[in-house]
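Both complexes below contain subunit A, partnered by subunit B and then by subunit C.
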Partner chain A sequence: MSFSRRNFMIATGVVAASSTVLTACGGSGGGSSSGGDAPKVTGSKTMDIPVGTKADSTGPAPEVAGATKGGTIYSLEQFDMDHLDPAQIYVSTEGAITVPIMRGLTGYKIDEKGGVTLVGDAATDAGTSKDGGKTWSFTLKDGLKWEDGSAVTTDDVRHTFERLFASFITEGPRYVQQWLEGGEKYKGPYDGKSLSSVEVDGKTVTFRLNEPRGDFNYTLAMRGYALVPKKHDTKEKYDKRPFSCGPYKIASRSIGKSLTYTRNPHWDPKTDAIRNNYPDKYVFEFGFQPLAATDRYIADKGNDQYAVPIFNEVAAERIAQVLTNATLKKRVLTQVDTVTYYWPINTTRIKDVKVRQAINWAWPHQQLQTIRGGASTSEIATTILSPVTPGYEKFDLYGTTKKPGGDPAKAKALLKEAGKVGQKLVIAYQQSDNAVKQAVAIKNALEAAGFTVVNKQIDKSTFYTQIGKIDNGYDLFAAGWSPDWPNGYSVFYPCWSGENIGDGRSNYAQLDDTSVNKAINTAATITDSEKANKAWGAVDRQVMELAPVVPDYHSIRNWMYGSKVGNVVYDAGNTCVALCKVYVKK
Partner chain B sequence: MTPPTPSAAAPLELTDESVEKSTTSPSPKGSESRSPGRLAWNRFKRDRTGVISACIVIFFFAIALAAPLIAKVYGKDPYTTYASQRPELLNAFAYPAGPNGGMSSEFWFGIEPQLGRDVFTFLLYGIRTSLGIALAATLLTTLLGVVVGVTAGYLGGKTDYLVGRFIDILLSFPSTLFFIAFMPVIYGLFVAPDDNIPTWLRAAALIIVLSAFGWASIARLLRGQVLGLREREFVEAAKVTGASPQRIVFKELLPNLWTPIIIQSTLMLPAFVTAEAGLAFLGVGIIDPTPDWGVMIQRGAQFYTEDFTFMLFPGLAMVIFVLAFNLLGDSVRDALDPKSKR
Partner chain C sequence: MPRFLARRVLGALVILLIISAITFWLFYAIPRDPAMMSCGKNCTPENLAQIRRNLGIDEPITFQYWHWLVGVFAGRDYGGYGYCDAPCLGYSFANREPVFGTIMDRLPLTLSLAFGAAVVFLIAGIGAGMIAAVKQGKALDKIASSVSLLGSSLQIYFVGYIAMYFLVAKVGVLSQPSYTPITENPAAWFSGLLLPWLVLSIIFTANYTRMTRSQLVEQLSEDYVRTARAKGLSQWNVFFRFAWRGAMGPIVTVFGIDLGTLIGGAIITESVFSLQGIGRLALQSVDQSDLPMLLGVTLLSAGAIVFFNIAVDAVYALIDPRIRLA
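The block that comes next holds the complex of A and B.
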């Protein structure tokens, strides 16, 4: 589940090269109480999200035991959100921070035990499909209102989907646009035309798709498909000030510095099975690096006592201090994530499979893990799918388990075979203290295997833009992906299908292999989930055989929070702290 | 900079003369055979703080120069990540597994967190890099500052006006922002985008950039001094006797300026060591894996709660060095110009 999406990493800053941040365990999810034993990714429960019933979708959301209303929740984050227009949101932080103000047709409901179900959010249930998944209908709940008190209508729903086709929508997920019938020719609603495959009948909206999509209702739970009011759609400007139909609305925003939510008086708890509304206010402040934020969480003074992180995890430099101190550890939420951080190899520049395999053989997994803060923050990866993503199949093609420090001899032999000893590799990573250290380790390991390595640090804010260019001039770069909803399709289609190569697209390795493309397309049409999972596991192996990527690690996140915040739990649907479940302790 | 050089000795005579002219008591020197330089040297030798500081400073320069030699005898180098072959050196959180930052008979100053490099050799090489860059930048800055300052002060008039305004502009310039914006451009000019930036280029660019922004303050100070000296009788006298401007600048003016120059540059050198570290921190200076003193301290500051040793050695070394260098600067000034003694 979880949607962490690509640019999760942007936020992390460091992404794969990473940084700093990640950790895990703690408080609620893993249940490891206080010992030094970190949770493991392997063996953790697969993040499976069942579809809930109509009763599950009916509000109000279950009360949190002991929670009281009132107070203000604060947050210290690295940087402000690039986008707040739902159609532009594909970064998990942006998705997470907008839970209190945006609602989609479906959404993820968190139960007391940390389990997650897909339920209807604005819709009365999680949707009904016909024709084997080619037609989907959703019925709107009664009593839904925008922040100005006007009702949420089916026209708004229709408009939400039609505007996805507008030319200014460039960043968000593109699944629905590809699937809706007639979508390829549609240019958006602003010239008065409407899309015939979105049908409105009374309170019901029906979508006609061009292929069977059994997981369409999961797709709609992405923040990218949250509702936008037709009357208040300000087009490009909507990105700065979206209109709320959730329990909170934007009270003020100072771009780059802070964002404040206050209560939305027109929201009716009976219409919402997902969100609680305990605090009076949320104040998000931006501009805090992980180390600075961690130190403030540790000090726990003033308003920081009421702070919860959206994305800032415990900094690598403080992991030891925080996780070995029982008092501090009590305030840490540790969670295994579905993300896999990896280093795509630019297959248009490194064409020889043997060279790419040599990189995999030589990779210093263990050393990189150590630099990131050790086993309590990450687990070494050998596959593209994370062990907690359905479809994961365990395999290790490049001897990582046996020699986690890399096997330079084997790599050198392969390189010799390919006749490419001394092959130059240009490595790109996001600038950070931790990433620089990792780059040193990578350089040493690859040079021991006979490569010539050039390290390039790239500014964090433009990193993904730069590596997303087709002609980017780099051979190997830090990236990562976690599934948009829990299955293999949302990993392999966006990142490894040759159909998704282009400027700004997420197939960073630019892999275009006919048999892989075919396997992805075949697996996508399998409706039986068990068989489909098997197929995705096979695709994983097939891609790894071509070695267009070095899987680096699966992440375990550790979020630290203030001592006066109650019920900090993980929202597996949005891969973040569940903002609508926290309360201020009196 | 310790003992006055022979060339400095002659000018000193002039200094004393000029001072004597303005003051009333021409104090007879103890023995006629002693030159002023000799006297200064004797005064310096009596100053225990100065001698100890000088020894420390010389020691630092010596170990910096001899770093490769020491590393060879010691049997480690600053580039090898020892923890990659021996993961047991680091604990589960990437901090040194042994007590005191992993100090042992094998790793004298312990090992670095995360990468597991040897702190002792890393520090030696770091000192070498930082001192080299700071020294070069200091020399270049002083040279530029002296030339521009003395010229402006001596020529006066329009030249002085133009140079003065230029210095004003330079001093009001946000130099750090300039470094961040232009260093990548400089690198881009000389290095293909898919090549490593060679360390010598980074060092050279740092030296040039630091000097380009550093000379203005020293130039302005010297210009003021020269303006005062220019009107003094001994300069007038030299002019009347038909001395060339070159002679006047080098033989009459410059000798009187040694004191501020030496003081300024001894203050500048430690400042450059820290400035260079700051730039590295911003990503435009020396970068890993090249060892650097300042970067080491910056990194140490992030780890100090868990691994104090890692910050202790480079930090202590830096404190001792900067303190010694400043004390030395004081002592040299006292020795050269005893009347200014507090």
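The block that comes next holds the complex of A and C.
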């Protein structure tokens, strides 16, 4: 899961550790609290998501104790969604906000205790595989309907996956496109051609993959693979107004301003094990800065009493006030996240591993944490994997725990050893107040260690385009990653495999190490999850020994909500508040 | 009068044309590629070229401007993105919508904000200025002058947050700032905009108080006012028939510019109160490098200022008949 410009802007903006990340698949509520003591990332429960049975996949969704139907849920958000075409969705907020209107073949079911299970969503179960994971079949449930009352068909499913190859689909995840047989030459369904590796037989759809993928059913739970009706596919324009097969549909939308959902009368709860549908309506309003939104949540007046955030977390300026006030704290959902924010080092420019290690030794973790809002919103990272991601192994190769403010002497000694004292570093960061503060702290720390630092501000809208170029001219830049589903593959292949280097790819450090590539490919084939997790932990250490990155922090997220919203729980599948579980208190 | 207005409108159109050409050139000459915004993360060179072709931005800038101008009057096809009906001010790649539609969506709020605040600051500002002028040198004058000095030194982002904290969150005498169309619920429209009107008008009220006072004081010391008094006209007649009318000219001129500027977007006020008007749209466009939207908003602002200047000229002509002959 890469990290959009919006995510970065928020992460480095006024929000303490706002970490809207791409559709991560977290897990069973590890490290969450509402009104209790703030959780720590380290020691939080690992986010494992087991595969559910056919019974688990059968609707209706478990009732929420005490929940009643009716009312309107509001939301005060900073930004509108960039995309609503599922094929273009790779951001967790977009994934979360579309849960009420979109369904995929599989999805994540939140149970009464906050546990999460992978189940069939539009499919009767979480899929069956053959050939060691090279062939996967899913059978559609009966009674699935689009918002116009027409049936959801296997033709729609086939079309959903074929349109992923269309030229206008440029933002969503690329896993399935890479794995489907014949995908490399396929150009989409709009010229009348079909993809033979997506087979339809009655109500069953079979996917033939070019490599064994034991976790293919997890991949399909990403919002990027939600169903699109063939009849109502408006191509590029679908991004503005998608068609619903969930419990709600879009009633109105003013881009950049508001989005309203009302009930979809054609949705049958018996077909849906994941979604409840308590409120009559959802009204999302955009344009609220985190501070303004937080103040309104604190004031808790009028419709704000029924408001719940998707994107806006408690503003850094108010975090202490909110978390130290017992009354306010009761209305905060705190959640440890799977994301790790880090600073990739361009290995094509900084080739000497000692220089890269020196950057790690000199890094001012503590100062940066303070700028972000302190320990209540983030925990200093020493690894690429988050402690709540399966496979995490605790280690600290560069003395961060002992000297969180950095060790300039050690860094200087390494630079001297490498004969690179005075090494020039060009650091790219986005134009935002917080990023500027962080850039100054980083510059000071690195210069104290013997580097010569040149800071370059980059326009927010083109930041990821610029750092994603092979010949980008920068040595160090901020990024972040959260797994698309709970294993190391969706972290290490996209970001650290030499096979994923190219313009616009997410291996920003351009690390191409034969032994790392081999380790990633080997770990990817291990089917035993315990052994696989151990292998990913070892890959993490192996990558960190080469120091192509400075791990910065793991985020702790705090969402404040109105006093009349019930059952605000975490949606680990979308790393956001679970919209389909809330209700309006009477 | 009709000839006067026709001449002014024609001149305004030429000015708008010149502004559009300069703005277009400035925005499109800078090294930013709007196609990249539409192309996305997994953009291939082929896709990028196709988008550039669809959007017509692979052409020389003069052709682009010509096509944009034609689009304003005849509409324009943006390939897969759809047809943009006339008046087409361009297509926003960030919003994936025609610019004109988005501007029209945000304009009612900004108009409500601008005209509502204008009513408040005109009544309060001119009223206080008149009292200060009449009571020149006395306690009321000193109070009005001091308060206006204080008011003009305040900032909206400061007053706005303080007012929200006390009047909305703590005391609860005013509603959370919000916008409901007046046609939908006039009471909600009024209560939702009352606080932004009051805060926005603080600075303007102070300026208008000072301006009205100084203009009236000047007019009241003019020979023709003295003559009117000498002829035995009542104080009321002298004040309103002569001095007030004479003082209004500069105030109307400034008001026209102020109103035009406000319609171009009260960026800070809209940001402080999380209102989605033209000002926020401009800010958002800058943030997203949404050049077509920025061009549209710039033209709207320029158009508003030009329009209100014409309106001011017309009013001026009514106040002072000599203008018609000029």
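Quick notes
The definition used in the following text is that the second predicted complex is superposed on the first by the 544 of 586 C-alpha atoms of A that agree within 3 Å, B and C clash if a C-alpha of one lies under 4 Å from a C-alpha of the other, contacts with A are read in each partner's own complex, and residues count from 1 in each chain.
Assume contacts are C-beta pairs under 8 Å (C-beta built on N, C-alpha and C of every residue); 3 or more make two chains touch, one makes a residue touch a chain.
Please read these numbers as outputs of a predicted model, since none were measured by experiment.
After superposition on subunit A, the partners subunit B and subunit C are seen to fit next to each other with no clash. Contacts of A:Q457 after superposition on the shared chain: subunit B is touched, whereas subunit C is not. With both structures placed on the common chain, the touch criterion links A:G132 to neither subunit B nor subunit C.
Contacts of A:G182 after superposition on the shared chain: neither subunit B nor subunit C is touched. In the superposed model, A:G115 makes contact with neither subunit B nor subunit C. Contact with subunit B, but none with subunit C, is seen for A:G405 once the two complexes are overlaid on the shared chain. Look at A:K424: by the touch rule set out above, it reaches subunit B but stays clear of subunit C.
Of the two partner chains placed by the overlay, only subunit B lies in contact with A:S376; subunit C stays clear of it.
With both structures placed on the common chain, the touch criterion links A:K301 to subunit C but leaves subunit B unconnected.
In this overlay, which is a superposition and not a single complex, subunit B and subunit C have their closest Cα atoms 5 Å apart.
Every residue of subunit B that touches subunit A in the complex is listed here, in rising order: 79, 81, 83-85, 87, 90-95, 114-115, 193-196, 283, 287-289, 299, 302-303, 305-306.
Residues 2, 4, 76, 88, 90, 167-171, 174, 235-237, 239-240, 254-258, 286-289, 292-293, 295-296, 298-299, 301-304, 459-462, 464-465, 468, 504 of subunit A are the ones that touch subunit C when the two sit in their complex.
The touching residues of subunit C, when paired with subunit A in their complex, are 32, 36-37, 39-44, 46-47, 50, 80-82, 95-97, 102, 105-106, 164-165, 168-169, 172, 175-176, 271-272, 274-276, 280-281, 284, 287-289. The residues of subunit A lying in touch with subunit B in their complex are 36, 291, 316-321, 323-324, 364, 366-367, 370-376, 405, 424, 426, 431, 433-434, 436-437, 439-441, 443-445, 454-457, 473-474.
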